[in-house]
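Once you've had a glance at the structure underneath, I'll fire off some questions.
In order of appearance the chains are A, B, C and D, and numbering begins at 1 in each one.
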């Protein structure tokens, strides 16, 4: 036990709402992690955590955590607090993992990146889906040409609740899809537009549609809603040779690869000769590891700390997603006007 | 048999491609219909029809049908021919049922309406879904306040193929959703925008997203694609009190009514008191008649002829859908710029 | 047209209830078929058929059909009439296709086989699923060792109605599964037992369970019911290397091949070393032809007549299924006692 | 904290395989529980538990737990050890909760019941499904006549693995269905038969079919298998007025009530007049609490201890299930011969 702790990273988790307890569970159980302190403003949440993990120390004072010997801080607090809390952690020379989205603005994200580089600390954003084995599979499949040229992607991420009070549904749900798209395509969008409406809370959009244009004519469309009777997490990737559906709600068949497509003949002399040939081939559902993405993410954070490596979802990745969100937000306020993103 | 034919409407069907044979089957079997002539430019298609219905007369010459004693013409020809062929039929004093969309432009639709009124003939457009018992159910449910105030509607109509050569996917698939929306909401949209892309055929969009704004803040979003591995026909209607999913692919459970919603409290003094209460109630799947919508539509056409009544999906209804398509098309060409529709 | 009819087989269809009209539609439209006469006791059903196919001749007198120039008779009448009507047709030197089950007893089936051989006529039973492309695929897959050694098969065929008045649910629904099992396994069962109960009509079982033992330790279990809220047609074939689910209700993914299994190690020294290794591999959904099985069956019947070949589902095949049903019936009456079948 | 522990029940959990950790998690977190000791023969499993719950004491010696101040013991050990370990616990005046099935024989179960009564200790069996809100709902619905007279029940509980080494699939999986059936019907079966086969391990059946007859003509059929590619947990209850499907794999729609049925008319003069009328009404999916059944069960155990009440799933309930299993096992060995159960 002593040896184990000697080599372990001393971790503190901040925020015990919906997501924090999942981080706590992981940092409590994965090897190489020494969960030393948990912080939240609400004493009742801390008491709940102490009930689950009798040995864990807690505090309602974030400053206490900053002044402790904790080396790495994982932040699962409201988005509006991300920048300030991550900044303080970096200023106290802590490594930081921040829940998505990284910040409320690209300027804030850039400031955190600068600070992390200056202090030579790890800055990581919790883009959990980049650690999801199904998303990994999809990225590899596309990269090796397994679906031909990517045409377009349609994503749907809807359910009833959980409403946020400080951000709208785009900032809450779309970061997942945007980080997935950037990751599997290996490209950044050049144009973005967004439309939406606020029904339950004034001025907080609860349903929205985001449209993205990537290089090479790739288009993507994202539907997000807190106001849908069904939980849907579905991404369809259509390529020139195959089509893939990634359904994250499916317990076992998360990825389905359809050997389907349409071929246009090389030429046709007249309109009368117009013909398209359709391929309706096999469907393959690859076996995908059932490992918990968040556990992979937490282990990756500790590995990056130990070996001084840049995380897969580093500050720059977090900044990219925030820039897209920022422009989507401007488009939303401007009736869906297209906006060019300057990278 | 003789009596039956005396009281029957003499019908001619034009076009034996994908949809025409379904019209032929219905006009062949429903009471009060006397299918006298079938027309198509391709002799092989006519031979196929004669094989199925040995007694049926056929012609490759539309003029022959116009000059015949046929009283009612059903057109299932390419969209680009609708206006000219319907016009000629009306000029020959025939009643006309035209497949959706009614025409390629609102000017053409208006001309057909004018002509039908002048000649006192029935002009009907084949908005089949307005005769679908599930859509009827949905319209009634909304009308009687069964889901509270309508917030927004999300529609998805995608599958692989069938590509059209003379129209893009919006003109091919979206008429269904637009006619359903106008019908169940009893309102016309005031704003429309559309985005899309053409992957298989140059300049013929095979995937598109259409966004509509209706009075009272109702928003609708329609996804259409000829390039999707799955056949999806799904419309989600979200109301303030209940939410409904209409899934036309489901054989038996087409409509599901979710007693789900979010209530915001009348007031909250501080942000800390922010609370939304969620309702997760029963789901009800009403028994819906399994009657074939096209049969109901064909019977309705004959009834309107016999009793001189305006059809549910009359020329004005057809015009409304064409106007939305027209503006959507302009928005599509203009990078998704919102367009106001003047009714 | 004349040439076509010269080479065609003159067909008569008897019975216009649920199944007959499907036969009529096929014999009306497939090449090489000349549907000459349709017979039913009920004039209203014949009128309905004449409405659908204006040129078709009909009669309420089976004798008229027997005395006509019809060469081949397709019987879709109640099971209790099969033997007598097929016998008369053979005695009039007609080829005969009889709906499943072939007869009410094996003695009757043997008599029909004898008569057909004597008269050199084709005797075929309508085991439609033997002409189903998905079942074909399954048979081929098993035959080429694609799932390893077959362990066992579980079949479920349930829905609400259609109740028969002259036979119980085993005689009505189980012939499908029994003919499928014999066909895909290429073996006949050596033991059968059945349990069931009659709830709606006295002494007419509406739910039953049939258990079969085949050579090589293969077991099969069939659930049939007219009293189930869901329509299920599902057969699971478990092999030593792979497992297959054939779901006939699925529109597109009828066959799923699971690369799943359990391997027991060659030996284990102690119980403590007990280990089984599980394989959770890919799932493959092969593209299966969407051709209508009944059309394939009807074409096959005509081909066999033209070339004097024995049909895939000949009298012997029909007899095998009847023998299993017969013994299942005896077991049912005897509280599920196992019965050996002597072939 | 001190007060809380004073009123708490001191609990020990034995067995840290598949199920034990779930018990530990619950006894660790529910109020009124003071988890004092965890026992397992394998030190590595105990180390794993200590990693998850740093404060928990562990031992590889069951005697230590018996001699400790623990008041209540929860046994999640192999079935073959249940009797001996539960007996020792009772002899040490501990309350006992035993995983299902209670014992390997009814004689053993009776001995435990006798001992618990003598020592005035709580004896409870872990029939988890009796604490499942969906099963509760079903029991209430039947009890209040909500589906009319119960006709029959079909249950399927299949998946790939987990193979047991000391019991066959009937003893492993069927206890769930048997306890559910006895609970929702409020009756015990009078007859049982079972068939099965062993494919992976000699003499350990991995697939089996159990048939039960209850009073009033109610029949039930249970399919269990460790060798199926799909995880299915589905129980269909067919009543004279409604039909219910309980699908435990469904995340949200566990219970569906179908207003479907068949009515036979009061009389029919002739067979020709034979008619049955079918009802195809609405489907209702009631909102069911998502509470964890095991947590409800663990709380119930502690409540029964505190208030000296007999648990819902007491020793007698455990004995009933064991008796059915015992007779099913005898039937299995006797080729499915029906066996009468004497209660």
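Keep in mind that, in the parts below, a residue touches a chain if its C-beta (ideal position, glycine included) is under 8 Å from a C-beta of that chain, and two chains touch if they have at least 3 such contacts.
None of the values given here were measured: they were computed from a predicted structure.
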Subject >> Contact-richer chain pair [A-C vs A-B] >> reply: A-B
Subject >> Chain located farthest away, centre of chain C as origin (C-alpha) >> reply: A
**OP:** Indicate the whole-number Å distance between the mean C-alpha point of chain A and the mean C-alpha point of chain B.
**Re:** 39
Original post:
In whole angstrom, what separates the CA-based centres of chain A and chain C?
Top reply: 52
Original post:
What residues in chain A touch two or more of the other chains?
Top reply: 280
Subject >> Residues of chain C that touch chain B when the two form their complex >> reply: 28-29, 51-56, 231, 251-252
Original post:
Inside the complex, what are the residues of chain B that reach chain D?
Top reply: 253, 259, 280-287
Original post:
In the complex of these two chains, what residues of chain B are touching chain A?
Top reply: 151-152, 154, 158, 160-161, 163, 165, 193, 195, 197, 199-201, 207, 209, 211, 217, 219, 221, 223, 225-230, 236, 238, 240, 243-245, 256, 258, 260-262, 264, 271, 274, 276, 278, 280, 335-338
